[in-house]
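For reference, chains read A, B, C, D and E in written order, and residue numbers begin at 1 within each chain.
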C-alpha cells in the first residue's frame, strides 16, 4: 500500500513564449502510492492540467514546452525517456482521461475501435481478442448492452456514457496509474456521482492508483486518500484527506474550505471572502506566491519564497513560512450541521 | 435520403426562378439583337425587322418571358438561334470539356494542396509552412490567364511539347485528350490549390488542438497514426467544403481560360452567346451552371455523411 | 395558483402555465426537432425574496429565465408582473418594463462585448432608457463600479483585460444601474472558482439588501442555491417538480428527483458517512416525448401509474409541494 | 455587248499567289501527300447559310461547299461556273442562263433549273445588295437547264452580283430552300468540291471531298476555272484569338495564318514559310447624315479636309508596306470601275482648312461620337487615330466602344452616333457599295441614287466610264463617306501547303494540296 | 478631481492601446509587407501623372515596340506608347476600380448581411437573391452586365460591386449570426436596446474583421476580374490604360515584345498581393481573439494581458 509508483520532484513546465519562458508549473512535488487515490485541487489555471499532461509528456517539447525536474515512474525518470519509449508507457502503464467527455472521443470512429486502438498499440493480440476485451471493459465500466454500443459513435452516447468509454479506453491495457483530469466537471451531479463511484470501485477492484484532478473539495473528501493543493503552479500543501479537512495549514487551503457554500453547513452564514489580486505568471512576486491575498503575510513572505516542508504535529507538507503559527481551524462546520439535514437525505434515498 | 435530395433540389427552384428573372432583365437591357448579328454587317433594316418578327423578338418582355418559362417548365429550354440545335443539346455538348477541365484542374490542385497543407500543419512555422504561405499567396495573386500566357509561350511555342489550344475528346485517345487539357488545367489550378492548401492547414491545426487528439496521444498511438487517422479524417469536412466550392467555381469560372485555350466549354459558349445575343443559350447556361453549383453543394453535403458519422440526412 | 401561500407577502411575478418549445436544427442533422424546454410551469416570486431554481443541465432553467424577461417568446401561459401580463405586451411597451427586470448572465466571458470599454457597457442601459445627461451617466457608472467593488480605472478597461470575477461584477453592475426590481441571475457564479464565487455571492446578498432587490437565482449547484435562496424550485426536464421554502425542502425532500439530487452532492467532509449510490439510468433526451411522470425512467420507485399518468402537485406543507404520485 | 462566255484571262491579280506558287521550286518533291487539312478561321460563324452570310470567314467555308452561276476570277470578272453560258438581250434587260448538265448536289440529286431559280429568288430577297438591284424581278426556270431573268431596266452589274462572295448567290436544292426558316436553311447542300460533314458550332467545320464533283473548265483563276479537291478532309478550326491563332501556327497546328506586322519577324526568315501579301479591305469613314452636326455638309467637308489618310492607315497596319492610298471606291485592279474623279478631296490633311470650315459652320464644342468596336477588325485602331486628329483641331470627341452586336444595333440607330470608321470588302460594282445606300449612315440623297442608277444601267464601257466618273465625283462632293485607303494583310503559308489562292482575302482551298511534315 | 483622474485614465488607456497595436503591427509580417506594398501602390495611384515619364496616351508610331531602355524604362507598346507610364496609370485605374468596387460591395453587402441575419423573413428573401447572384459566375455576370450597361469605368465599378455583393453579404451574415448568438447581444436585448442599436452598435463591429478580410479579398478579386474582363474585351474601355487592357494587348505581341505583358503582369500581381497581405494582416490586428492556437506571441499576450489588469480575481 505504501510503495510509491509515481514520484514527482520539483517539476517545472515552462511554455515557450516569444520573449521567454512562462513557467505554468514551477515546483510540483507529489507521490502516488500503489492503490492510492490522490486528489489534486486548486483554482482554475493553477497548473493542474499542465502537471497531469507533463507526466505523460503530452506537450510538444520541440516547440511548446520545456520540462525540468524529475518524474520517476517505477524508478525510471520519464523526462529522460526517448519519444518511442514514452509512447510505450502512455496508455499502457499510465493512462489518462480528460475533463470533457464530449470532445475527448474522436467523433468519426465507433467507440469500440477507439478502445481497441489503445490495445493494439501496446499489446500483441489479435483484433478479435481485442474486441472481446473491449466489450468486457465496456461491461466493467457499467455500460449496458456493450455489444451494440461497441459499434456506436460517440455522439450516440450520453455524456456519462462517453466518460465511461473514456475510462474503458484508459483501462484498456490495465495501467498501474490512471490520471483523471476533472473527469466529471462537464457532467451533472447525479452522473458525477455515478462516475466517481465507478472510479472508486475500479481503484479497489483493480488496485489501480488514481491521480484525480478536481476543483471540487466535496469529491476529494469523498473519494481520495491523499490531497495535493496547488496554487499558481506550485504545490502548497499535501496531506491525507482527514488531516487536510481537519486542520488545513496553508492559508490558501483554509480560504478554499471556507469560501465554499456547503450543503451540510449552517444556512445563511456569510462565506469567508479573501481579497487581493492574482499575480501573472510572468510577473511573479519574489516571495510567496500567495502573498498578495494572504492575511497572515509577514515581511518575510514578501521577500523569500517558502519551500514545501513538513509541519510540526501533522504529516502534511506545507509551503508556508507561518505554517506553524497559523491557528488550526476547527474542524469544518459540517460536523455540527451533519446531524441535521444530511442524514435525512441519505435515509430518504435509501428508503 | 432520396427524399432529402429531392427536397434540396426543390429548394433550388426559387433560386433558379430568381436567376431566370435576372437573366431576362439583363437580356432586356443588353442592346444588340440576334437577328442583326445573324444577318451581319450591312443587312437592311427591313430584312432585320422581318427576321426579328419571325424570331419573336418584337414581342414585349413579359410575354417572351412567360413563353420561355412555360417551355422551361416542360423541360424545353428553347432553341439556339445560331447552333441549329436545342439549348439542352448545345449545353450537353459543351459541358464535357468544361467538366474535364474542372476535374483535371481540381485533381492537380488537390495533389499539391493536400500534402503541402499536411506538411505545413505538422511543422507549423517550418519550411513547409513558409512554402505554403508563399505558394498560397502567389497562387491567389497570379491570375490564371496571365500564367497561361507564359505557359503557352514556354511549353507550346518554344518547346512544342503540348498544343497551344483546342480540345480533343476522350474518343480521340487519352493522350490527345490530356495533352490538350494539361496547360489549361495547370493555369487554373494554383488558385484552387492555394485555397485548398490553406484550408487543409488551418483545418488540421484546428483539429490538432482538439482533446480527442490528445486522447489518442495519451493512448500511446504513434504520431503518424495520430496525424493520418485521427487528425486528417476529422479535418476533412472543411476541406471537402472548400473543394466543393472550388469545383463549383472551376465549373463556372473557366471562361477566360477556355477562351485563351479555345476550349469549347460552357464558359466559351456563354461568352460567344452573349456576343451574338443567343438569348436562349444564355438563359440555359446560366441556369445550368447554377444547377451544377447546387448539385456540387449537394454532393458535398452527401460526402459529409461519409466523412462524419454525426451528420445525418433525414 | 395551486399552492399560493398566505398573502402576507406581495407577489412580484406570477407565472402561470408557461410553455415553451424550440424547433431546432440539431447541429449535425438536417432535420428539425422539437425540444420541449418548458412544460406547464407555474410559480410566484414575492417581492424582496430570492427564489432559487435548480436542476440538471438542459432542464430548461435558462429558458425559463429568458422567457420571463421575454428574451425568448413563450408559446403559451402568462407572466404577470405587478399584475400586468408581460406575455401580452408589444416589444415597444415592453421597453418600459426592461428597466425593472434585469438579468445577470452565466458566462462572464461572453456576456460582455469584447470591443466596448466597461464604462460604455455600463452606460448603455441608461442611454437606451434615456436616463440622465452623459455626464450624469458617467457618474452613475462610476458609482456603480464602486458599488460592485471595482475601481474607477476599470471604466476604461476592455473586458479581456479583466478577470472572470471582475467581469461578473461588471455584468451585475450593468443589470443594477437602472435600479431594477427583479434580477434574474442565470448561473452567475458557476463559471467561477470557489474563492471568487464566494465574493460574488456575498456581493449579491449585500446589494439585495442595499437596493431592495428580488432575485430569481438559477443554478445547478444545489449548495449555492441553498446558501442564497429563500425558496427553491426544482426543475426536471422542463417541469417544476418540487417547490418549497429552503428549510423545508432540505429537511423534507419529497420528490424522488430532489432526493437524488441532494444525495448526489458530494459533501466536503471526509468524516461524513459515505452513501451507497443507488440511482441508475440517465437523463432522457428532451427531444423524446415522455408519457406520464417525466422522472419515471430514472425513478427507483416508479410504478405503472407513473408511466401513464402525469402527477399532480401535492402539498407537503403550506409552502412546499411536490409533483409525485407518492409524495 | 452580246456577251457569251467571257473567259479571257486578264492581267494577274494583285496578290498573284497562284503564279508565285508556280514559280516556287517544289521543296516538297518526293514528300507524301496528307489527306487532311486544318485551316484556321478567325471569326465565329453565325450561320453557314450562304445567302445570309456576310463575314469573310463564312465565305471561306461556303465557297468551298457551294457554287453559284458565276465566279470571279482574280480580276474581279464574272466567269460562268454552274452556268454553261448566258445570253443578254440588246437592251440589257433580259438574261438567259444555261446550266451545265449532269451536275449533282451533295445529296445525289441532279441540279435542275428549278433549284437554281428557287435558290436565286431566295437569295435576292435576303441579300440586300441583290434586293436593291433586282428586287422586283423573278428568276424563272424555263426548262430543266435554263433560267431566265427579266429586269425592268438594264443592270450592268447582274453577273457581278451573281458572283459576289458575300451573301453568295449559291445554288441549293429547291427543297432545302423551301424548308428554310428565318434563321437560315436547315441543311447545307451544295455542288462544290467539298461537302459538309459536321459543323461543331464554335469549334470546327468539317468538310470532305465530294467525289462526284463536276468542275467547270478553264484554267484556275480566282474562284473561277478548274477546281479540284486535293485533300480528303478539311477542318476549318475556329481560332478567334489572334495570339492563340498565331502561336498555334508557330507550334505547327496550322499551316496557314494571318500575320500581324509585328509578328512578321518571327516568320520572315523561315525558309519553310512563304509570306503572301493580299489585298483585304478598304477603310471608309461614314458620317451619320441624320446626326445634328453631320446632317450639315459643312461639317462633313471640315472632317474631309482634316483627314490624314496616311496616318490613319499607318495606325491600322503599322507599316507603309500594308496599305496604299486610293481615292476611288474601287480597287485599281478593277479597271472597269476604277476612277479618280473627285480625288482632290481625298487625303487633304489640312487642319487649318478644317478649322476654318468648322468655325464657319459654327462649331461650338459639340461632342462628336465615334462609334466603334474592339471585337473584330481594326475598327478601333482606325477610330483612335481619327480621334487624335479631331482632338488636335479642338473637336471634342467621345469614343463609344461596344461589342460587335451592340455596335450593329447602335449603328442602325440614327441618334446613337456621329462617325463610324470601319473596313469594307470592296465589291466589283458600285451598286454593291454598302455605304451608298441608306443602311449605312442614312444616305438619303436623290442625286446620289439617281447617279447610281445611271451607272448601273449603263451598257457600254464608255457609258459606264462616264457615268462612273460622274458618280464618283458626286460621292466626293456629297461626302456621305470619306474614303481612307486600301489595306493588305500578310498571310504566312508553310511550304507543305501548296496552291492556296486568295481573292477578297478569302482563300480558295480547292486545288490546295498538303504534304506531310517531315 | 474625478475629471482629472478620468482624463488620466483615458490617456493611459489610449496610450496602452496604441502601444499594443503598434507592437502588434510591427510583429505582423504580413501587415508590414502589405502596408509597404500598399503605400507603394498608393503613391503610384496618387502620383501617377507626376511619376510617369510620358503621357499614357501619347502615340509615337515610329518608336513602337521598342524594348526597355533608359528612355522608355519598360519599353513601348504597339502604338509606341510608353509602357512604364501606362503601367503607372493602369495601376492607378485598376486600383481605383478595385477600391471603389470593393467599397460599394462591402457597404451594400454589410447592410444586406446584417439585416438578413437579424430578421428571418428578410433573410429568406435577401439570401435567395444573393444565392442566385452568387451562383452566377462572377466573370460571366460581369460580361453580361457590361454588355447591358456599356463599357465605362463607372459601369465597371458598379458591375463589379454587384458581382461581389453576395460574397460579402454571406460572410457578414454568417458572422452576424454568430455574433447575434453571443450572450452579450442577449444582454443588450435584456437591457432594452432597440434592434437598430443592436445591429449597428454591437453586431456590426463583430462582423468587421470578417468584412475587412472579405473586403480585401473582393478588392483583390476585383483587380483580377477587371483584368480578366479587359482581357475578354469587356473591361475598362480602351484607350484608358488599365492593367487588363495592357495584358490583353500585350498578349498579341508576346512573342516579340515580352515587356508589354511582363510589366503590367508584375504590377497586377504586386497589387493583388499587397491587398491580400494587408487584409490578412488587418484581420490579425483587429481580431481581439487573434490567438490562433499555438501562436506563441499572441498567446503570450493573451496570458500576460489577462492577468495584468486583474486586481483581485482569478486567471482563467
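Everything below uses one rule, namely that contacts are C-beta pairs under 8 Å (C-beta built on N, C-alpha and C of every residue); 3 or more make two chains touch, one makes a residue touch a chain.
None of the values given here were measured: they were computed from a predicted structure.
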item: Shortest chain-hopping distance from subunit B out to subunit E; value: 1
item: Between the pairs D-E and B-D, the one where more C-beta pairs touch; value: B-D
item: Chain whose Cα centroid lies at the greatest distance from that of subunit A; value: D
item: Cα-centroid distance, subunit B relative to subunit D, in whole angstrom; value: 41
item: Centre-to-centre distance between subunit C and subunit A (centres being mean Cα positions), rounded to whole Å; value: 31
item: Gap in Å, rounded to a whole number, between the CA centres of subunit D and subunit A; value: 94
item: Distance between chain centroids, defined by C-alpha means - subunit C, subunit E (Å); value: 46
item: For subunit A, residues contacting two or more additional chains; value: 43-44, 63, 155, 275, 278
item: Per-residue overlap in subunit E, given as positions that touch at least 2 other chains; value: 147, 251, 254-255, 294, 306-308, 310-316
item: Subunit B: positions in contact with at least two other chains; value: 30-32, 124, 149, 153, 157, 259, 274, 308, 310
item: Residue ranges of subunit B touching subunit E (in the complex, touch as defined); value: 14-16, 18-19, 22-23, 26, 29-32, 124, 137-138, 140-143, 145-146, 149, 153, 157, 202, 205-206, 209, 249, 252-253, 255-256, 259, 267, 270-271, 274, 282, 286, 289-290, 293-294
item: Subunit A to subunit C touching residues, read off their complex; value: 43-44, 155, 158, 160-161, 188-194, 196-197, 215-222, 241-242, 245, 255-264, 267-268, 270-275, 278, 332, 334-335, 338, 340-346, 348-350
item: Residues of subunit E that touch subunit C when the two form their complex; value: 2, 5-6, 9-10, 12-13, 182-184, 186-194, 197, 202, 205-206, 288-289, 302, 305-316
item: Sites on subunit B touched by subunit A in the complex; value: 124-125, 210-212, 214-222, 230, 233-234, 307-310
item: Residues of subunit E defined as touching subunit D within the complex; value: 59, 61, 64-65, 78-79, 147, 150-151, 233-234, 237-239, 251-257
